[in-house]
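What follows is chain A paired twice: with chain B in the first complex and chain C in the second.
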Partner chain A sequence: MTVHNLYLFDRNGVCLHYSEWHRKKQAGIPKEEEYKLMYGMLFSIRSFVSKMSPLDMKDGFLAFQTSRYKLHYYETPTGIKVVMNTDLGVGPIRDVLHHIYSAEEGRPAAGPRRCDNHPPRFCAPGLFKHTDYSSCGNLEGGAYADERRVWLGGGRFYAD
Partner chain B sequence: MSRQANRGTESKKMSSELFTLTYGALVTQLCKDYENDEDVNKQLDKIVFSHFLPRGYNIGVRLIEDFLARSNVGRCHDFRETADVIAKVAFKMYLGITPSITNWSPAGDEFSLILENNPLVDFVELPDNHSSLIYSNLLCGVLRGALEMVQMAVEAKFVQDTLKGDGVTEIRMRFIRRIEDNLPAGEE
Partner chain C sequence: MAIFSVYVVNKAGGLIYQLDSYAPRAEAEKTFSYPLDLLLKLHDERVLVAFGQRDGIRVGHAVLAINGVDVNGKYTADGKEVLEYLGNPANYPVSIRFGRPRLTSNEKLMLASMFHSLFAIGSQLSPEQGSSGIEMLETDTFKLHCFQTLTGIKFVVLADPRQAGIDSLLRKIYEIYSDFALKNPFYSLEMPIRCELFDQNLKLALEVAEKAGTFGPGS
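Now for the complex of A and B:
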C-alpha cells in the first residue's frame, strides 16, 4: 500500500501544506497551479455531489478512484481540507485524515503565534515533526507505519 | 482501524481556580484600560481585531479548530444539534460544566444556555461602580467567533447573570444566517 501525496488547504483555497513520497509522475505544471487546479476540482465536485444527491447528504464527497490511484478527501466543518492520494488498496481513511488534522491543530498553544488577521493556519514550521505517529500503526496491514518514517522527514510550508 | 490513542482526545486539566483568577485579572486590567463598562464589554466580546490580546471572538475563531480536532464532531445539520454540541461537548470540554438548553423560540432559531454555576465568576463580586459590566461577556465572543468559522452567524448575549443577583446565568443565542462558501477569486 502506498501513499503518493498529501495536500492541506485552508477554507480560502490556500495550500497550507504539501508533501509527496511515491509520486512517479508530476503534473507538468507549476506547483501553485497544481494546488489551484486541485482546489478548484474539489470545490466543483463538492457542489456537484450535493446538487445531484438523490438523498439527504451526510458527509458529502469522500473519495474517487481511477484505475491506478485513489483520492481521499476529508473536510472539517471549518473548511480545512485534507487530501491524500494513495493506491487502490486503501479503504476509507477518514479517521486517518482527521488524525493528521488534529495532530497539528490539537495543540494550538504549542504552535507559533498566528497572525491576527487570519484564521488559524498551519504555520508551524515542523508539521509532522513534533507529531507522535506511533499511535497510527495499523492502516489495514501496516502500510501507514512504514510511511511514518517518510512523513517525519518531509514537509514544505506555505505560511505567511 | 481505531485511533484510540489520538492525541486529540486527550484533555489537559488545569486548576479551575487558576483559570478563574487569570480571567479575573484580564477583566480587571480591561476595567483599568477602558473608561466605561460598555467599552470593557465590547473588548471582552471583541468585534475589532486586536494585535496584542485576542479575546472572545478571536479566541473562538481559534478554539473551534482545537475543538474539532479533539472532539471529532462532524458538521451539525440543524441549530438544535448545534445547541446540543455546544452545551454537552464544548462547555463540558473547556469549562467542565454542562449548561441546560431551554426556551427554544417557536421558529427554532433562538435558545438559552442556562449555566447553573459559572466557573468564571467564582470569588467574584461586582463593585457598585461597575454595575453595567457584563463580566463573562468573553463567552459570547467565543461562541460567536467559533460558530462563524463553521458558517453560522449567531448573536450571543447575557440575559441573566448571577453576579447581578439573578438565580442563574443565561446566555441567549440567536441564529442569524448561514454563511455561504465562496470560490476564491481568480478561479472558476
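Now for the complex of A and C:
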C-alpha cells in the first residue's frame, strides 16, 4: 500500500494542508491552481453524486478509482474535507481520514476549524508531529497488519 | 442488489443513450390538514420540501402526487398549480406523496457531460503516470462504473454497491453496442442510439448480470 498525497480543505475551498510522499507525476500546473482544480472536482462530484443517487444518502461520496490510483474522501459536518490519494489496493479508510482530521482538530488554536479569513497553513512535519498514528495499523482488524509497515515507511506517519 | 441505470456518453461528452432499469421506491404518502406543517418551495420547476423533515419525508424531496393525481413539475396532471392548490384551505384534507425528485432528460444530459469533465480532471490530477479517468466511483448508496473504449465512448453503469460482475457487463454492453448500433445501417456515429435490437439485448444483458451478481461472484 502506498500513500501518494494528502489534501486538507476548509469549507470555503482553501487548502489548509498539502503533503506528498510517493508522487510520481505532478499535475503540470502551479500548486495553487492544483488545489483549486482538486476542490472544484470534489465540489462537482458531490453535486453530481447527490443528483444521481437513487436513494437518500448519508455519507455521500466516499472514493473513486482510476486505473492507477484511488482517491479517498472524507467530509466532516463542519465542511472540512480530507482527501487522500493511494494506490488501488486500499479498502475503505474513512476511519483513518477521520483520525487525521480529529488529530488536527485536537490542537488548540491551530485546528482547521479556525475560520478567520487567513487560515493557517500546515506544513507536513507540524501536522504529523503531534499525532500518534500507531492505531491506524489495526483499524481493519488485522487486515492492516502487513500494510502497517508501509504506512510507517511510505507515509512516514510516525517520524517526521 | 440491482443495476439502477445505464448511460452511454460519446467522445464529446454528449449523452447518446440512457436507460433506467430499476428505481428503488423511497416514497412517503401522508394525509395533511390545513395548514400544512411543511415548508414547500419552488426550485428548478419542481415543488420541493424546504423545511419540516419527518415520517420519511426528507428535505429535498419533491411532491410527486396529490390525492393520487401525479404531479409534473409545478402543475398536477389535471392542470392545477401545486402551491396554489395547497394554499387553499377548501382543498383539505389532502393526501400528498413525497419522494426523491426524478431526473428529467435535460438533467441527465447535463450530468452526463459533467461526468465527462470529471473523468478528464480525474486523470489530470493523478499522482501516477499514465492514469485513466474515473473507472469506479463509490458512494454509500450506489457505485458508478465507467468503461471508456479506445474510440472514446464511455459506458457508465450505476449499480448497487454490492452488485458484482459489473466489469464484464460493461464489456458486454460494448459488444452489444458494436453489434446492434454500429452495424445498424441507419445509425450514425456519435448520435443518439435509437435501435430496437440494441434496446432488447441491453435489457437482456442487464437481467443476466443482475442474476449472476446475486447468485455468485461474477468475473
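What we mean here is this: the second predicted complex is superposed on the first by the 119 of 160 C-alpha atoms of A that agree within 3 Å, B and C clash if a C-alpha of one lies under 4 Å from a C-alpha of the other, contacts with A are read in each partner's own complex, and residues count from 1 in each chain.
Here is the rule we go by: contacts are C-beta pairs under 8 Å (C-beta built on N, C-alpha and C of every residue); 3 or more make two chains touch, one makes a residue touch a chain.
Everything quoted here is computed from the prediction, not taken from an experiment.
Of the two partner chains, both chain B and chain C are touched by A:D59. Residue contacts after overlaying the shared chain place A:M41 against chain C, while chain B stays out of touching range.
Once the two complexes are laid over each other on the shared chain, residue contacts for A:G13 go to chain B alone; chain C is not touched.
When the two structures are aligned on the shared chain, A:V49 is found in touch with chain C, with no touch to chain B. Look at A:Y101: by the touch rule set out above, it reaches chain B but stays clear of chain C. On chain A, the surface touched by chain B in one complex and the surface touched by chain C in the other have residues 40, 59 in common. Residues 4-5, 20, 22-25, 27-28, 34, 37-38, 40-41, 44-45, 48-49, 51-69, 71, 85, 87 of chain A are the ones touching chain C in the complex. Within the complex formed with chain A, the residues of chain B that make contact are 1-8, 49-51, 54, 58, 61-66, 68-70, 72-76, 149-151, 181, 183-184, 186-188. Put simply, chain A touches chain B in their complex at residues 11-13, 36, 39-40, 43, 59, 76-80, 91, 93, 95-96, 98-99, 101-108, 114, 116-117, 119-120, 131-132, 134-136, 138-140. Residues 4-5, 23-24, 26, 58, 60, 100, 103, 107, 111, 114-115, 117-118, 121-142, 144, 158 of chain C touch chain A in their complex.
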